[in-house]
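Scrolling down, you'll hit the structures one after another.
Both complexes below contain chain A, partnered by chain B and then by chain C.
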Partner chain A sequence: MSLVKVENLNIQFDTDEGQLLALEDVNFTVNNGEILGIAGESGSGKTITAKSLMQLNDENTLYHPNSKILYQGENLLNYDELKMVPYRGKIFSMIFQEPMASFAPAIRIGDQMVEQLQIHENISVQEARERSIQVLTSVGIPDSATLIDQYSYEFSGGMRQRAMIAMALSTNPQLLIADEPTTALDVTIQAQIINLIKREVRERNMGVIFITHDLALLAQTAHRILIMYMGKIVESGTTYQVLTNPQHPYTQSLIESSPDINNFEKPLIPIPGEVPLLKDRPQGCVFQNRCKKIMGEACRTQKPLTVAHEDGHTVACHIYHE
Partner chain B sequence: MSSFIEVRNLEVQYERGKKNIFEKTNSFNAVDNVNFDIQKGKIFGLVGESGSGKSTLGKALLAAKEYHRGSIHYHFQEGMINPNHLPKNLLKLFRSKVQLIFQDPYNSLSPRMTVRDIIAEPLESLGITSSKKETDDRVIEIAQKCQLNINHLNRFPHSFSGGQRQRISIARSLVAKPEFIVADESVAALDVSIQAGILQLLKNIQQEMGLTIMFISHDLSVVANFCDDVAVMYLGKIVELAPTKKLFTDPKHPYTKALFQSIPSIHPDTQTTLQTLEGEIPSIYQKPQGCVFQTRCPIVSSRCKVDQPSMKKHNKHQTACFYST
Partner chain C sequence: MKTIYQFIAVRFGLSIITLLLISFIVFSLMELVPGNCAERYLSFKQSSGQNITYQDIAAEEKRLGLDRPFLIRYSTWVVNAFQGDFGQSCIMRVDISTLLIPKFGISLGICLVALILAYSLAIPFGIISATTKNQTLDSSLKFFSYLGLAMPNFMVALMVMLFSTIYFGDTLTGLFSPEFQGAPWSMAKFLNFLSHAWLPIFILGWAATALALQTVKALVIDENKKLYVTAAKARGVTGRRLLLNYPTRHALSPLINSIGFDLNRIFNDLPIVAIILAITDAGSLLLQALVRSNDQQLAGAIIFLMTATIIFINFVTDIVLSIIDPRTRRGMLNQR
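This part shows the complex of A and B:
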């Protein structure tokens, strides 16, 4: 069942250099019990997309009037700050990239968890504390009744990220947004954390948006994948479709540049150039200046339409227009 | 033929802060009885989790951290150098031959120096070039090699992207024409598409200049792709050491095996629950007696809790485990 539906999300940033397009016609849904992966390089708009669901983007963000973020038929973009409160930690919850920077260093972990629960639910301190201990235990923190009174710096990186997940899950969210949740962690801890997220998705039937630049991580976790480039979804489909039969030249190049542990002698092919700055957004296809399959006039002047390659697998590239 | 770098029974100690003034100073070995050789012109990979001592070992090789026991010997053409307690004149020579590429291209470049000055700094401080003209020529030569636009050399680092900054950082490390480079997590902060380009650049330059590289990384997929030999570290000890292909196709130590099983593969067909280790690497203060890996080892026995396994060698493949097969 569809949990959240994003329609025609267009975002501009109002800057000194003018209004710069950051997201262009982003459309997707997240279903219950599903992990939706969003991948792309730095600056591709992954985090902006996730933050717009909770409206956590900076104040200079302009949402296009036709943009919609639909939850149970309501467009969250019409909500004011007060009505957004439940979508910032209760119905939607977020795990941030840097577990060290996401906890307040001078407040005990338990107090931060209790505070969050009390904002979102009518609950006593005692109850909130008991629930927090329970969730900490369920994410694998040993002796959580004692450790709950520690500070975040007393935790190791892996434990801090577990506590972060516990905090995000303690309100029983419908949608969990995980922004690079394992990037700062060692592989063995990363494997523990993604196993934990997968287990929680199964048990709670919640939806997850999993943002990462690591396609291998999505191969092991996501049900469906969106590939983003310069604020546009250039390809989307099931994990199997996107990774085993990539259609967009960008997706193909990303896979060619990624190391593969099962085929470690394969040459890694870099993508030439870099993601352009927002102010240098190209006319026509956004990927044209790095594309190895560029065809000519159409790529430079016209925006490619998103077409279905097969059931559930879409791609936005001129190669597939007749 | 002897190896380019020989490391024997190396121990590097850190002192732990005292809790009060009456307490005895405690020291502990961040690198503990480590032995290995690096051959000229090879890329030596060093992997392990945070806290395993990889960077400390790298620092000892660079003479950036003193070691307390054992030896490091560099066999240069000019003769053998041991980087501990070098006199000033030799230290200068050593610094021109051994260089570091940092992890973070954002913090390792001074924001107030132009790219030209950043790259030229080793030449000037080591007194390698004698005139400004010579320095400029060397800077331009290395900048071109690192695929930097030489018309942009008068700009400041902030106007460059992460990938370009890492090229600047590499150019600075190579400008003095070193023979040995320690690359400590040098591609960790980059996107894969950019990372592949930096690795390619390093490999080309390495082959062209006959460089020897120690490549420190926590990313096993990159190490598997890039290195000739790989050492796996855990709590200050090397637990396994082998040529890359041998190590990745036939890992012997239970820690190496567990590490490999934790790496996600890009093939969705293999989507299963990742097999991984329980728990975390213990603090170096609480290093266990006996085998360092015993607290997380799936095949631990009573012997592992008492005796320390030593490195056993079998066809260039070394393992420190009583039960490695």
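This part shows the complex of A and C:
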């Protein structure tokens, strides 16, 4: 069942260099019990997409009037700060890339957890504390009754991210947004965190938006994948469809540039150049400057339409236009 | 909670060590001044036409204990200084404490009131100026700050005097009206003191407020950009609670750190303002002791008191800091 539906999400940033387009016609849905992966290089717009769901973007963000973020038929983009509160940390929860930086350094971890529970639920401090200890224990933090009174700097990196996940799950959210939750961690810890998230999804039947730049990680976790580039979804489909039969030259290049632990011989082909700045957004196809399959006039001047390659698998590239 | 007492104990020990160290330097500098107190004591005899012999000087040195070894003299001095006894002035032949303590109290009072006033204005207005979307408000706060920062204190003091002389026919100088000069302390004298003291407090406080306001503003803006603020928002924290508990609370620690420096700065600014407003504060007494009369006992006492005050303020701010931001405790106790 569809939990959240994003329709025509277009955002611009009001900057000194003018109003810069950052997200263009982003459309997707997340279902209950599903992990939706979003992949793309740094600067592709993954984080601002995620933050849009909770209206956490910076103050210079302009949402296009036709953009919609639909939850139970209501467009959340019409909501003010006060009406957004339940969608921040209760119905939706978010965890961030830097577990260290996401805790307030001078406030005990437990106090931050209790605060969140008391904002969203009619619950006493004592009850909130007990619930927090319980959730901390369930995500694998030993001796959480003591650790709850510590500060984030007293935790190790892996512990911090566990505590962050515990905090996000403490209110039993329906949607968990995880923005590169393991990028800052060691690989062994990464595996623990991934397993933890997968277990919680299974047990709670919640939806997850899992953001990463690591395709191999998505192969392990996501049910469906969106490939994002310069604020556009260039390809989407089931994990199997996108990773075994990539259609967009950008997806193909991303896969070619990722290492494969089972294939030592695999040549790694880096994508030339890097993601342009927002102010250098190209006319026509956004990927044209780095595309090895560029065809000519159409790529330079016209925006490619998103077409269905097969059931549930879409791609936005001129190659597939008749 | 045990660690907080541990922290206070360690921090207190460090303050005492610092003070001892500085007192040693001060005492050594006093020794370096050419001539000693015995010679100064006797010089008045000469000015009244009597002859002084080496025996006279030696006898006087013996009387003052100046013939004893350096370390003995230092320890006597320091032990007495910690009890507020600084001996006699070499020149004025009066007890230094009696001369100095009231003046020092007035200096300290003026500086502390200016400082407290500055921070109690700068913190709320700094936060407002960091977060307001009201351009006029922000610009007026900026204007007020830049004016306070750009105009030297002595100029403000001179201007205030000029205006008050022209418009009120009163120079507003001194700390008391003539009838209270030298009178014993009474309610009327205290009120009279306040009616004069607001002026140096205002002059010193303006610049201090302006500086602190800019600091608060920059700190809050800086903290506001940090991820933990977004993360708190993502947990549903909003409005005043978000502002006060997250960016503001975390901006306070670097701010409290700067209080010690600020007091030091105000202390240094006071003598010039005091001279213009014809107030004899401890600072101007120090200048006088150093420059005019070479009064090493008096100068040493003043410097000792000033450093002791600054060390004490830093001690207090560090304790406050360790309460609101536990990370600072860790650095000092060197614990995990």
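Keep in mind that, in the parts below, the second predicted complex is superposed on the first by the 322 of 322 C-alpha atoms of A that agree within 3 Å, B and C clash if a C-alpha of one lies under 4 Å from a C-alpha of the other, contacts with A are read in each partner's own complex, and residues count from 1 in each chain.
By our rule, contacts are C-beta pairs under 8 Å (C-beta built on N, C-alpha and C of every residue); 3 or more make two chains touch, one makes a residue touch a chain.
All values derive from a computational prediction rather than experimental measurement.
With chain A as the common reference for superposition, the partners chain B and chain C occupy compatible, non-clashing space.
Aligning the two complexes via chain A yields an angle of 70° at the C-alpha centre of chain A, spanning the centres of chain B and chain C, rounded to a multiple of 10. Of the two partner chains placed around the shared chain by superposition, chain B is the only one that A:217 touches, whereas chain C remains out of contact. By the touch criterion defined above, A:3 lies against neither chain B nor chain C after alignment on the C-alpha atoms of chain A.
By the touch criterion stated above, A:227 is placed in contact with neither chain B nor chain C. In the superposition on chain A, A:253 makes contact with chain B only, not with chain C. Of the two partner chains placed by the overlay, neither chain B nor chain C lies in contact with A:166. Looking at the superposition, the partner that touches the larger set of chain A residues, chain B or chain C, turns out to be B.
When the two complexes are overlaid on their common chain A, residue A:115 makes contact with chain C while staying clear of chain B. Applying the stated contact rule after C-alpha superposition, one finds that A:264 touches chain B and leaves chain C untouched.
Superposition on chain A places chain B within reach of chain C only down to 6 Å, the least C-alpha distance between them. No residue of chain A contacts both chain B in one complex and chain C in the other. Within the complex, the chain B residues that touch chain A are 49-50, 161-164, 191-197, 199-200, 218-222, 224-225, 244-245, 248, 258-271, 273-277, 280-281.
Residue ranges of chain A in contact with chain B, taken from their complex: 41-42, 156-159, 186-192, 194-195, 198, 213-217, 219-221, 239-240, 243-244, 253-255, 257-262, 264-266, 268-272, 274.
Residues 51, 54, 56, 81-82, 85-86, 88-90, 93-94, 96, 98, 101-107, 112, 115-116, 119-120, 151, 153-154, 167 of chain A are the ones that touch chain C when the two sit in their complex. Residue ranges of chain C in contact with chain A, taken from their complex: 226-228, 230-239, 245-246, 249-250, 253, 324-327, 330, 336.
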